[in-house]
Every structure is written in C-alpha cells, then in structure tokens.
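Here chain A shows up in two complexes: once beside chain B, once beside chain C.
Take a look at the complex of A and B:
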C-alpha cells in the first residue's frame, strides 16, 4: 500500500548568530492512508518543523519526504494540490472580510466556481456549525469560532491529506472537545483520507490517533499504536502521590533514586496540592514514601495508576511532556 | 493548464484587493478618498507651471503637457507598484495569511500580479482623471489632443507587464526584510519618479545619473504614452523607442521569473513565509 506520508532521514538545521540548532534529527516516519497519525512531543520538539516541511513551507536540510507519493522539494506544487494545513493558536485571515467572504475567497483561489464554493460552505456549516458567525467579520469572532473557521478553510479544497498543527491550542475545554469530535468524523466519514496531527496534549492524541510517534529534541523516540506504546511500560509500576503544594520544591532527590524511572509533578493551585506521578521499577512504594517523609514532605494520598501515554513519555524522556511549560 | 481555473483564481485575488482596500466605506467614497493625494499632487505641479508661466510670461503649452502627463501617468505605475509590494507585507505581517496563500495559490508570482491588478486599474483611472484635470488647470486646449486609443491600451498593458515584474522582484526582496519592505517600495517608486522622465527629460539629469534611467523601461514608456495620448508630441524615433521598451519588458519578465524562483527557494529554505518579524 502506498504511504500517504513518508520521510526518510529528514534533518532540519536552523542557523542563527547564536549557532546552529538541529530541529529535526534523522526523522523517518511512514503514515499509511486512511488514518489519523499523531506526532506527540513537548514544545520545541520539532513537530511544527516537520509539518512545515511536509506542507512545503520549509525545505529540509537533508533527507527526503514524500506526501501522497510526491517529493516535497521536487514536486512541491503537486503536494500543495492534495493537502491543506490548519494551525492552532493563530488568527490568520482577512479580518476586514466576513467568515463567509474569507471562505468564498479561498474556495475560488483553490479553483472552485462561485456556486461550488457556496455549496461547500453550506456543507462545512453542517459539519462545523458555522452559521452563528458566518456573516461576522473575522476580526470580531472568538478564539473557538476562529478555530472552526480555520478548520473550514482547511477543508474547503477537500484535501486528501490534512495537517493539523496543535488544532486545539488555546481553546477552552468545550471548544477543544467540539474540534476533536469533528476531526474524528472527518476520517470516519471518509471526508479526509489521512490526517497528520501534532499535539502536546496526551489525551488528545490518545483519543484521536490510530498511530503515534513520540518526538523529543528532533528525534522520534518511540512509535506505535496507543496500546502498543502503553505496553512499553507494562512491567513498570505507576503511582500517584499527592502532597502539599509548598513541598514541591523539595522533590529533587527523587531523580537520584534508582527505583524511580521518572516522575512528573502537576500542581493544583486551587486545592493547594500537587500530584507526583512516578514510574517505579519495583513495587516498593513504601521506601519512596519513607524517603519523602524523611525530607519533611507530608504525603496526603497514594494510589496505584494505570499506564497512560504520558507515562510512556515520562519513561522515555525522564520528564513530563509539559514540564517545560511550567 | 486549466485557463478557466486560473482566471477564477486571478479574479478572486483581484476581488480580495478591492475588498481589502475599500471595505471600510462605500465604493464611491473610497474612490473619492483615494483620489485626494494624486489629485493634489497634479494640482501642485500644475500650479507651479501656472505661477512660473504667469510671472515669467513664458507660456509654453508643450511643457505644460509634459509636466501634467508625466505626473498623471506616474500614478498608473506608482499605484500598481506600491500595491504589489505592499501585498507581501500585509499578507505576512497583518493578516498572517502568506503561508496559506502559498499553499492555496499555485504560483506566488502570479498571485502577486493578480493582487496588484486592481491597483493598476485604479492607477489608470487616477491617471486619466488627473491628466484631464491638469490640462484644464494649465489651460491646455483639450481639443488639440489626438490620442491613438489602441496605442494607449497597448502601452498600458506593456506598462503593467514591466512594472508589475519590477514589483514582483522588489516584493520578493522584501520577504527578507519585513521592517523595510514598505520603504523599499517607496524607494523604487522614488527612483522611477526621478529618472523616468516624469517631470523633466532624462537629458536634464546630471550625466552620472542618466545611465540609471536606461536600466528601467520607464522613460520609454512615459514618452510613448505622451505620444499615444497626443500624436503631435514629437519623438525622434518612435519605432526605436518601442523596440527598446518591448525588449526591456521582455528582459524584466524573464529576470523576474528567474529571480523570484530563487527568492522563493531561499524563502522556503529560511522559513520566511510565516515569519512575522516586525509586528
């Protein structure tokens, strides 16, 4: 079966007066047709760089990439005919025009007739629920509406392959859920053949993707179906330990313990608590708790947990996916 | 190549420029508003002529024609050029749409030509209105004009071809400098005004600047337009000037295609399509 997307030893180096930075380091992925493929990684891992190369916006430093069988450098025009791109956390568009006018414009730029574009907008309205703001100026709509518009623009040309770069970035829970529902429907109903989605939200990738590559510092460090990835940590033991927020600064010693493969801390400002998620190489949680108490840290609750993708990342990288953002 | 699809895309880009420019008000208010600057520009130059003629007693209608036609016709080139170069800046910095345009429109080069087309049309209208107004102010006998419409239209097309290709090259260069992009467009417009036989013949320029004039097709275009609008305007070698204009236009098109191709590749190499550097 021909792959929808294939990269072979893709390298991208950015140069600046401060030096060189390798954003992608020998990345090789194969994305079969008809699936939602997830690229999971923290900010700065290289996800967006990879999408920019695949969407022909950026040239690779070395290596090859094919989209729909076309080479992204040598056959960039053919690639652009079968793809579209939606990026989260942006507000691109002609703010002086209404949402409908923006979509009419893009439809015709993609070569559709006036009436074909009108029909397409009606169809997208059914799918995304645009009617409330179709005739509002783009610069007057909310972030959630903006992301629905961005998806509509991304679908206006019926692309075979859709690149979604952090599609729910900056959205509230309800809007993010609505966008995820639509993404799922797109593939289920056969509107889009293949989606390459990047995200640093574990739950999003876990919910949507058939296959996932985990990327960190420009390298693919693991890949597989979600259940395959979870199996990578089936031998490890995962515990959630709740402590008081004020004790978080005293957790550095955990890194020195052999039995702790990795840990991540999520703070909850409202309750004044923090949750340490730990991957342990043995069942001996008692020793860990004693060490915590020796450090003067009061343990509030301890519970055993089921492995998630976040734990896979934690095991592979030694830190949580969103630790850097904190 | 599907010509109908291309024309549809071209029309959409022209429509976008119209909406971008005029969406804040009613169309006739926009047209009136945007005519104010060029109108006062021709007014100033026409009055300079009137005042000089009045105080010196040297009334020379051929000079009035030279001055008014130059200032008026410059609007066609200036408006188109500025609109084209501004497109890159506004798409990338203001609307943040350049990368989506790049994905949607099969050729960024053609897209820029399409986006500038409206500015050239508008510039052409300004030129016509200013031309008539300027001649009236200077008491030039409009009845003595002897225009060749076919020649005028052909020259407008040729003017669009070379100046839009010049604009594409400048716009391409401006991708690498979002801060100075609009300044570059003004600088190029200024050079054309200086060396393009707009206010005075090229022979009036200092000798060391005159070679600069031969780099651009502006002088030939301006002189031939004067001739096309009034057949009695004297040009020593009309055929030779046409040859020179057509040759320069062809070179501009060729160089622009090659240059913009290189720029596009460099832009993708450096990732500048989506880089917002200023705002």
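Take a look at the complex of A and C:
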C-alpha cells in the first residue's frame, strides 16, 4: 500500500558561523493513509524541521522524502497541491483585514473563485465555529480564535495531508480541547485523509494519534501505537515524590544515582512544591528519600505510580519531554 | 474534488488575492491620504516654486508634476515589491504562500497591482492638484501614446522588481540595504524633477538602462512637448526590449534565489 508520507534516511544540517548543527539525523518514517500520526519530542528535537521539509519549505541535506507518493524535492509542486500546514501559535495573516477577508485571500491563493471561497468559509464556520469573529480584524482576536482561524486557513484547500505543528501551543485548556475535538473529527469524517501532528504534549499525542514516533536530537528513538509504547514501560518502577523546593538545580544529584534511570521535575511556583517523577532500577525508594533529606529537601509525599506514555520518553532519554536543556 | 490548476491560474488567482489584500488594507484607514497625497505634494510644490523663482520655462512645472506622479509607481513596483516581500517573510505570510501550489510571481504581481491601484489615486491627485494649483499644461491628445509608454515602463519595472525581490528572501535586511544603496543613484539618473537631456551624454546613456528614466522621458515628451510615434518609437523599442530582458532575468534571479532560500533555510528562518 502506498504510504501517505515516507522518509528515508533524511538528514538536515544547518550551517552557521558558529558551526554545523544536525537537526535531523537519518530519520526514516512511514505514515499510512488515513491515520493521525504523532511526532513527539521536546523543543528543538527536529519535529518542525521534518515538517518543513515535508511541506517543501526546506530542502533536506540528504535522504529522500515522499508525500502522497511525490518526491518533496523533485515533485514539490505536486506535493503542494495536496498538503497544508498549520502551526501552533501561528500569527501570520494581514492584521488590518478581517478573518473573513484573510480567508478570502487564501481561497485565491489556492485557486478558488470568490464564490467558491465564500461557500468554503461558510462550511468552515460550521465545522470550527468562526461566526463570532469572522468579521473582526485579525489583529483584534484572541489566541484561541487565532488558532481556529489558522485551522480554517489550513483546511481551505481540502488537503489530503495536513501537517499540524504543535497545534495547541499556547492555548488554554478549553481552547486546546476544542481544537483537539476538531482534529479528531477531520479524520473521522474523512475530510482529511492523513494528519501528521507534532507535539511535545504527551497527553495530546496519546489522545489523538494512532501511531507515534518519538524524536530526540534529530533521531527517532522509539515508535509504535500508543499501547505498544506503553508496553515498553509496563514493568518499570515509577515513583512520584512530592517535595518542598524552589531551586530545582538542587536535584541535579539524582542524575548521578545509578538507581535512577530517569527523572523529571514539575514545579508549582505558587505553593513552592515540586513533584519528581522517577523511573528506578530497583524498588529501593528509601535510599533516594534519605538522599533527598540529606540534601535538606523536605519530602511531603511518596507514591508508586502507573506508567504513562510520558515515561517512555523519560526511560529512553533520562529526562522529561518538557524539561528544558540545562 | 481536487482540480488541476492551469499555470496561468497559479499566477493570476494569487495576484488577484494579493491585490485585494493591498487595496482593502491600504484604504481601511484614511490616514493614507496624508502620507500618500498631501506630504508628497509638499516636495513637488517646493521644486516647482524653486523653478519659478529661478525663472525656468513653465513647461518645467509639467516635468516636475509628471516626475512626482510616476516616481511613486517606481517605488511601488520596484522597491515596494521587495520591501513588502521582506515583510511577508518576516511575518510568516511568505511561508504560508509557498506552501501552496501558486507561483511566487503571482504574489509579486498582486503586490504590484494593489500598490499601483493605491498609487494611481495619489498620481491622479498629484496631476489634478498640479493642473489646478500650478496651472501645468499637458497635451491631452498624446495621452494614448503616453499611457502605452507608461504601461510598458511598469511592466519592465515589474520584471526588474521580481529579481530584486529575491534579494530580500536570501539576504533579508541586507536586501533592504542594497535597495537603499541603489535608491539615490537611480533617483538621480531617472530625472524625477528634471529632463535627462540636462545630463552629459555619458550619463544620458547610463540613464537609458533604467526603464523609469526612459519611460519618464517618453511620457514627458508626449504630454509636454507633443512628440508622436515618429520620434518616440525608440523609447518604445527600448522599453519592449527591457521588458522581455528584465522579465527573463527577474524570473531566473527569483527562482534561483528562492531555491537557495529553500536550501539554506532562509525561507523559514525569520531573523536572517
């Protein structure tokens, strides 16, 4: 069966006066038709670079990539006929024009007539609920509205393959949920055949995607259906330890402990508390608690946890997906 | 159902769309009347008064008014196109356009057409004010020939502008600097406020390489001196050759610069 998207040993190197940076390192993925495929990884992992190559905006340094059976370099114009891309936090557009006028413009860009574009906007209004702000200027709408507009723009040409790059980035819980609902409907109702979605929100990928590749530092480090990935860690020993701590750097010693395979810290600034999630090589949590207390860190609660998809990344990379590089 | 689009559709539809953006956006806030009409009139009036003060023949008023009216097209088609393209890149709009199967010259054409529409209002206002305030006189019977020269000038500038726009994609801010560096010499050579016949012969030949200088000279000769096709055919030939040459060079430059942008990542890296 022909794949919707296929990459073979894709490499992209960026050069700058400071040196070379390999954003993609031999990435090979196959995305079948009719699914939502998730590309999960922390910021800077190479997700956006991969999507930009597939969307023909960037050339690969080496390797091959096909979208809809067309080569992204040699048949770029054919690829462009069947794709669209929506990025989270997207702010492009003409602020002085209304949302409707912006969509009218993109209708023209995709070769629709004025009347076809008007009909399409009505259809997108039904799907996304745009009517509250269709006639507002683009520079006067909220972030949530902006993301709905971006999605409408991405659907204006009825693409077969839609690239969604961090589609809920910066959105509040309700707006993110609304966008996720629409994404699901798009594939369920057959409006879009295939979606390639990148995210660093584990729950989002888990909720939406039929198949997931985890990418870190330009390399695919794991792949599979969500349940397959979860199976990778079902036997792991995972603990959540709640502590009182403001300075996360004081936990760096955990990296040096052999018994800690990986850990991630989520801080709650207001309460001054933090939660450490740890994958351990043995059940000996007592030793770690003692080390924490020796460091003068007040331990509040300790609980054994069920593995989640986020722990796959923690196990493979040794840090959480949302952790910033230090 | 997906339809395949003709090559013409991939240029004209986006051109129409982008012209719509420019015209709608350009006229949404009335402050443009101040920037586009009243302020340029101050410069034109000052040059006319300088000529009057020096006792220059009254035909010079027409030179200045036509120069003022046409120069705005120059800015719009050539510099404006590149600057707007740079802005499109910085805001991320260019990236979204390049995702589509539309052709980039269509976007540039749309910017130029939209800009021309807005500029035409300014130019008509400049000419009307020139006629009524300064009693400038024009040979209206030569209007068709003047318009032919004028449009050929614009089309050749469009070709040149396409090529220069590519500089903005690859060189970013440096492209803006290159434009600025070319600005004054070209203003000087094109004879905005004086006839290029005032130049030494060598400079006149140099001016002949700039379509605006040729076009402006032709329009002035037609509308002010009443010259016809028997003398202005040389202008038409130069402009026709320039149109074809600049279009071909412009397309080649633009395509290769966009390809380079795609290779270097400069199409998507906004700070470059």
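Everything that follows uses one rule, which is that the second predicted complex is superposed on the first by the 320 of 326 C-alpha atoms of A that agree within 3 Å, B and C clash if a C-alpha of one lies under 4 Å from a C-alpha of the other, contacts with A are read in each partner's own complex, and residues count from 1 in each chain.
In the analysis below, contacts are C-beta pairs under 8 Å (C-beta built on N, C-alpha and C of every residue); 3 or more make two chains touch, one makes a residue touch a chain.
Just so we're clear, the structure is a prediction, and the values are computed from it rather than from any experiment.
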* Fit or clash for chain B plus chain C once both are placed on chain A? -> clash
* Touching A:52, do we find chain B (first), chain C (second), both, or neither? -> both
* Touch check for A:153: first (chain B), second (chain C), both, or neither? -> both
* Mind working out whether A:97 is in touch with chain B, chain C, both or neither, as first, second, both or neither? => both
* Who does A:82 touch here: chain B (first), chain C (second), both, or neither? -> second
* Do chain B and chain C land on any of the same chain A residues, and which? -> 14, 52, 55-59, 77, 80-81, 83-85, 90-94, 96-97, 101, 105-106, 108-112, 153, 157
* What residues of chain C sit close enough to touch chain A in their complex? -> 2-5, 9-10, 13-14, 16-18, 20-21, 24-25, 28-29, 91-93, 95-102, 262-263, 265, 267-268
* Where on chain B does chain A make contact in their complex? -> 2, 5, 8-9, 11-13, 15-16, 19-20, 23-24, 95-97, 99-106, 265, 268-269, 271, 273-274
* **Of chain A, residues touching chain C in the complex** => 14, 52, 55-59, 77, 80-85, 90-94, 96-97, 101, 104-112, 153, 157-158, 160
* Can you check the complex and tell me which residues of chain A touch chain B? => 14, 52, 55-59, 77, 80-81, 83-85, 90-97, 101, 105-106, 108-113, 153, 157
